[in-house]
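Alright, structures below, take your time with them.
What follows is subunit A paired twice: with subunit B in the first complex and subunit C in the second.
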Partner chain A sequence: MLVRKVKERLFLAGITILTFLTILPLFHIIFSVAVEGLPVILRGGWDFIIGTLAPPDDGLGGIGPAIVGTFVLTFLASLLGLPIAILTGIYAAEYPNSMLGKATRTLLMIMMEFPTILVGLFVMQILVVPMGSYSALAGALALAIVMMPYVAVYTEEALRGVPEKYREGAFALGLTRFNVVFRVLIGLARKGILTGVLIGIAKVAGETAPLLFTAGGATRTYFNGIDRPVGAIPLLIYDLVQQPYENYHEIAWGASLLLLIIFLAIFLPLRLSLKEVKL
Partner chain B sequence: MKKVSIVLLLVLSLALAGCAQQGKPTSGETTSQKVTLIGSGATFPQPQLEKWIDAYMKLNTNVVIEYTGKGSGGGQADFEKGLVDFACSDPPIKEALWKKLEQKGQPLQFPMIVGAVVVSYNVPGIKELRLDGKTLAGIFMGKIRYWDDPAIKNLNPNLDLPHKEIIVVHRSDSSGTTKIFTTYLCLVSDEWKEMVGSGKVVEWPVDKLGRGVGGKGNPGVVAAIKNNPYSIGYTELAYAIKENLPIVALENRDGYFVKPNDTTIKAAIAEVSMKFPSPKEGYKEKIENLLNAPGKDSYPIVAVSHIIVWEHYQDKAKERAIRNFVKWILTDGQNSEYIAAGYVGLPSELTQKLLEEVGW
Partner chain C sequence: MNAIETKDLHIYYGRNHVIKGVNLEIPEKTVFAIMGPSGCGKSTLLRSFNRLLELNENARIEGDVRLFGRSVFEMDPIEVRREVGMVFQHPNPFPHMSIFDNVALGLKLNRLVKSKDELKKTVKWALEKSALWDEVKDKLNEPASALSGGQMQRLCIARAIALKPKVLLMDEPTANLDPVSARKIEELIFELKKDLTIVIVTHSPAQAARVSDYVAFLYLGRLIEVGKTEEIFENPKEELTEKYLTGRMG
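Moving on to the complex of A and B:
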C-alpha cells in the first residue's frame, strides 16, 4: 500500500516539475525581453515606434518601417493564405476517406514541418528573380506558405470534432451539403478554426527565415507598394544583433519587446474572449 | 467567422493608414520625383555606409537609400541577378563574375573605405608588444611556443615576458579577414606559404598542436582572446578598438614598427594607390597588392571594401542619383566628420584618380 502511494506521489511530483520546466523558458523569455526592452522603448518614446533607424553609436531612432512592414506582410499573407487554407481544411474534413483527402492530410503535416528557409528560397526563385526586386508580395507569399498548413490542419481538426449528430440533423432538415458545412458546422467549429487562424497569423508575424530571401528589408522607407522591398521586425532584429554597436543591440531589444507585444495582442484577447461552443 | 473579418478589417485599415501617411509627403512636398536606391552586400562596411546614407539623405531629400547587410557573396549575387541597384563587397569581384556582368553592361567597382586586420593579445601585465612578420608567422605556425621565446624577446628587450604557452585564436568560420591575414603571412614567410597557404579557411597548424582556439565571427575571436590569458589572435580594427584590446605594433616593409591608426592605414593605401585598377576593370585588383606596403608609416595589413554599381541604368534619374551618391562618398564623404569609428577614409590622391578614370 505504502509503496503504491509513494510511487503515485513521486509520479505527480515528477510531472509537476517537468511541466514547470517546460513553461519556464516562456516566462524567462517574456521576463528578459521586458526587462531589457522596456527601458529602450520608454527612452525612445513615440519616435521609437514611428521613426527611422539611427546611425551606429548615435541614439535610438525608431523602427517604424519594420513595424509597418510586419503589418503589411502579415496582412497580405493572411489575404493570400487564409481562404485557401480554410477551404483545404474543409475539404480534408469532408472527404476524409478519399485518396485526395488522405493525401492532403499527409502533405499538410509535411508542409507544417517543412524548413521555412527553403520556402524563402523557393519564393525567391519563382517570384523575386523574375520580378527583379525583393518585394512585400514575395515576403507575403512565403509567409502564406508557412501559414497555410497550420490553419488547414486546425480547421480540419475543429470540423472533425463536431459530433456527427449535428451533421445528421442538418441534413435531415433538407440543407444542401454547402449549407451544412458553411451554415452549421463552421459555426460550431469556430473556436478551433479561429485558433488555427490566430496561430497562423502569430507565427508568421514572428518569422525570419522565409523573409531573408524575399522581403528585402527596409529601415528608411515605410511602404512603397507591394512590388517593392519592405522591412519586418524579426528581420531587423536579426540584422541589428550582428553589429558591434551598443545602440543597435538596444534597438534590437526594444524591437523584440514590440514583437512580443504584437504577438500577445493578436493572440490573447481573442483567445480569451471567444465563447466556448457548448455541444 | 465575423470576428475573423473584423480582425482582417482592422489590420487592413491599419495598413492603409500607414500607406496614406507615407504617401502624403512624397506627392505634395517635392516637385521632382523621389528616387529609391536599393543595395545589399558586405556587413563589414555597413555601419559606415549607414552613416553616409543618413548624411547624404539629409543633404539630398529627394533620394532614399536602403542597404541590407548579408555578406559580400550575397551582395554580388543580388547585383548579378539585378535585384539591387548597387552592391558592397569586401573582396574585389573575381574575373569570371566580372565577365558575366559585362555582358549586361559596364560594371564599376570603387574602393570606398579602408579597414585593417590587427593582431591583439591577452598577456597580463603586457601593454606594448612588437612583432615582425616572421615571428608572427612562427607563432601561428606553432613553432614559437612560449611567450619568452628568444624571437619575441629580441623584438621586445624591455618587456618581462612570462614563460607561458601561447594560445592562438583564429576564426572558425569562413572569413575574408582570415583570407587577408593569411595572405599577409604568405607574403612575409615562405615557410607559411608552403605549409599553410592563404584562404578564407585554412588548416591551422596550431590546432594540431592543441594550442589553437577557434572563434565564430569577429565577436567570437574577441571573446576568445579576452577569456584566455596568454592568447593572441587577429581581428578587424573596429572590434579591437571597441573592446579596448591591446594591439601589436607590427614591423612594416621598411623596418619600422607601426600600430594601426588613421595615419598609418592611410599611408599604406596612399603608397599603393597607383596599383588600384580603374573602376572599369575592378576584377584586376589583388589583395596582395595592398599588403605589406612600403613607406615609413605604412601599416602592413590593410584591406578596402568596395561599392559596385552600373555605369548606366535604364532609369536615368536612378543613374544620376547613383553617380551623385558614389561621387559624394569619394569626395565629401571621406571627411573625418562622416567617417565612423574604426574605419579609415581613402587618401584623396586615390579617390581623385578613380573619379578621373570614370570621367565623373
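Moving on to the complex of A and C:
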C-alpha cells in the first residue's frame, strides 16, 4: 500500500520535473529576449521602428526596412501560397482515396518536414538566377512554399473533422459538389482552416533560411518593388549578430523582441480564442 | 401513379450484400413506412431512392429505382435530390448558418427563386408548413444551433420542403426526440401528405401504425411483407411479420 503511494508520488514528481525542463528553454528565451531587447527598444524609441540601420559603432538607428519587409514578404507569401494551399487541402479531403489525393497527403507531410534552406536554394535556382537579382518576389515564393503544407494539412483535417451528417444534408438538398464544399463545409471548418492560415503565417514570419538566398536583405532602403531585394527581421538578426560591432548586437536584441511580439500577436489570440464550433 | 418503384434492387457494401432483391411500389401522396429491426437495411434502401448512397464509394447498386416511372439512374443525381427531399435521424441543420439561411440555402443555390422577396416568402411558407414559423419568426437571424432538437428537426423538414420536392424521405425522424417533439413531427406528416409522398423509416411498429397508409416489413435485406397498414397490422400473412409486430423479435 505504502510502496504504491510512494511510487505514485515519485512518478508524479518525475514527470513534473521533466515537463518543467521541457518548457524551461521557452521561458528562458522569452525572458532573455525581453530583458535584453526592451531597453534597446525603449532607448531607440519610435526611430527604432521606423528608422534605418545606424552605421557600425554609432547608435541604434532603426530597423524599419526589415519590419516593412517582413510584412511585405508575409503578405506576398500569403497571396501566393494560401489559395493554392487551401485548394490542395480541399482536394485531399474530398478525394482521400484517389491516387492523387493519397499522393498529395504524403507529399504535404514530406514538405512540412523539408529543410527550409533547400526551399531557398530551389527558388534561387528558378527565380534569382534567371532574374539576376535577389527580390521580394523570390523571398515570398520561398516563404509561400514553406507555408503551404501547414495550411493545406490544417484545411484537410478541418474538413475531414466536419461530421458526415452535414455533408449528407447538403448533398440531399440537391447541391453540387462545388456548393457542398464551398457553401457549407468550408463554413463549418472555418475555425480549423483559419488556425492553419495563422499558423502558416506565424511560421513564415519568423523564417530565416528560405530567405538567405532569395530576399537578399536590405537595411537602409525600404521595400521598393517586388523585383528588388528586401529586408526581413529574422534575416537582419542573422546578419547583425555575425558582425563585430557592439551596437549591432543591441539592435539584434531589439529586433528579436519585436519579432517575438509579432509572433505572439498572431499566435496568442489564436490559441486563446479558438474554441471549436460546436457540431 | 407510383412515386417510387424499385425493381429487383440489390445493394452491396463491398462484399456485404445488404439489400437482396427488393421490389417495392410506393403510391403517390401516401405515407409509406419501412419498418424492420436494426441493421436490416432500411436506411440503405431509403438512401438509394435519392441516390445519396452514391456518396459512399463502397456501395454498389444493382436493379432499378424509378421516380414517377423514370429510372433515377438515368437522371442527374442533383435533379433526383431536388425532387426527393430527405430528413435524417440526427437533426442536421447547418449550425453555423442562421435559421433563415438554412431554409434559404437550397432555394438560392438551386436558383429556385427569382427575387429576394420570393425567397423570403418561400422561406416563410416552408417554416409555416413545418409548424415552426411561430416559434422562430422573431429570431430568423439567430444561428440554427440555438434551437431545441425537435425544432432542429422541423427546420430540417422546412429546409427539405422549401424546394417543393415530390417525395420526402424520412429516416427515423423522431428517433432522437422527446415524445412531445416526436408527436409534433407525426402531426406534420399528416399535413404534408396532402402535397407529397412520404417514405418514413421507423423501427417502431407503433409509429408505423399511427402515421402510415402502407407499410413494408424488411428483414435481413429482404422484403418480407408489404401492404395497407391496417391489413398488415390486423392480419399479417407472414410469421416473421407477426413475430416482429408482437415484439417477439429484436
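Rule of thumb we're sticking to: the second predicted complex is superposed on the first by the 257 of 279 C-alpha atoms of A that agree within 3 Å, B and C clash if a C-alpha of one lies under 4 Å from a C-alpha of the other, contacts with A are read in each partner's own complex, and residues count from 1 in each chain.
Convention: a contact is a pair of C-beta atoms (placed from the backbone, for glycine too) under 8 Å apart; a residue touches a chain by one contact, two chains touch by 3 or more.
Bear in mind that the values here come from a model prediction, so they are computed numbers and not experimental data.
Undergrad: Name the contact category of A:Leu268: first (subunit B only), second (subunit C only), both, or neither.
TA: After superposition on chain A, A:Leu268 lies in contact with neither partner.
Undergrad: Of the two partner chains, subunit B (first) and subunit C (second), which one does A:Ile30 touch, if any: first, second, both, or neither?
TA: neither
Undergrad: Name the contact category of A:Asn97: first (subunit B only), second (subunit C only), both, or neither.
TA: Only subunit C is touched by A:Asn97; subunit B is not.
Undergrad: In the superposed model, does subunit B or subunit C contact more residues of subunit A?
TA: Of subunit B and subunit C, the partner in contact with more residues of subunit A is B.
Undergrad: Where does A:Ala13 make contact in the superposed view: on subunit B (first), on subunit C (second), on both, or on neither?
TA: A:Ala13 contacts neither subunit B nor subunit C.
Undergrad: In the superposed arrangement, which partner chain does A:Arg190 touch: subunit B (first), subunit C (second), both, or neither?
TA: Both partners, subunit B and subunit C.
Undergrad: Return first, second, both or neither, reflecting whether A:Ala172 touches subunit B, subunit C, both chains, or no partner chain.
TA: The second partner, subunit C, only.
Undergrad: What residues on subunit A does subunit C touch that subunit B touches too?
TA: Residues common to the subunit A contacts of subunit C and of subunit B are 187, 190, listed in rising order.
Undergrad: Could you please specify the touching residues of subunit C with respect to subunit A in the complex?
TA: Against subunit A, the touching part of subunit C is residues 50, 52, 55, 57, 78-82, 85-86, 88, 90, 92-97, 105-106, 109-110, 145, 156, 159-160, 163.
Undergrad: Within their complex, state which residues of subunit A touch subunit B.
TA: Against subunit B, subunit A makes touches at 53, 55-57, 68, 71-72, 74-75, 78-79, 82, 128-129, 132-134, 186-187, 190, 193-194, 197, 212, 216-224, 228-229, 239, 242-245, 270, 274.
Undergrad: If we count contacts the way the header does, which residues on subunit B are in touch with subunit A in the complex?
TA: Contact set of subunit B toward subunit A: 1, 3-4, 7-8, 11-12, 14-15, 18-19, 21-22, 36, 38, 40, 43, 46-47, 50-51, 53-54, 57, 64-66, 68-70, 81-83, 217-219, 238-239, 242, 340-341.
Undergrad: Please name which positions on subunit A make contact with subunit C in the complex.
TA: Counting only subunit A, the residues touching subunit C are 97, 163, 165-176, 179, 183-184, 187-188, 190, 277-279.
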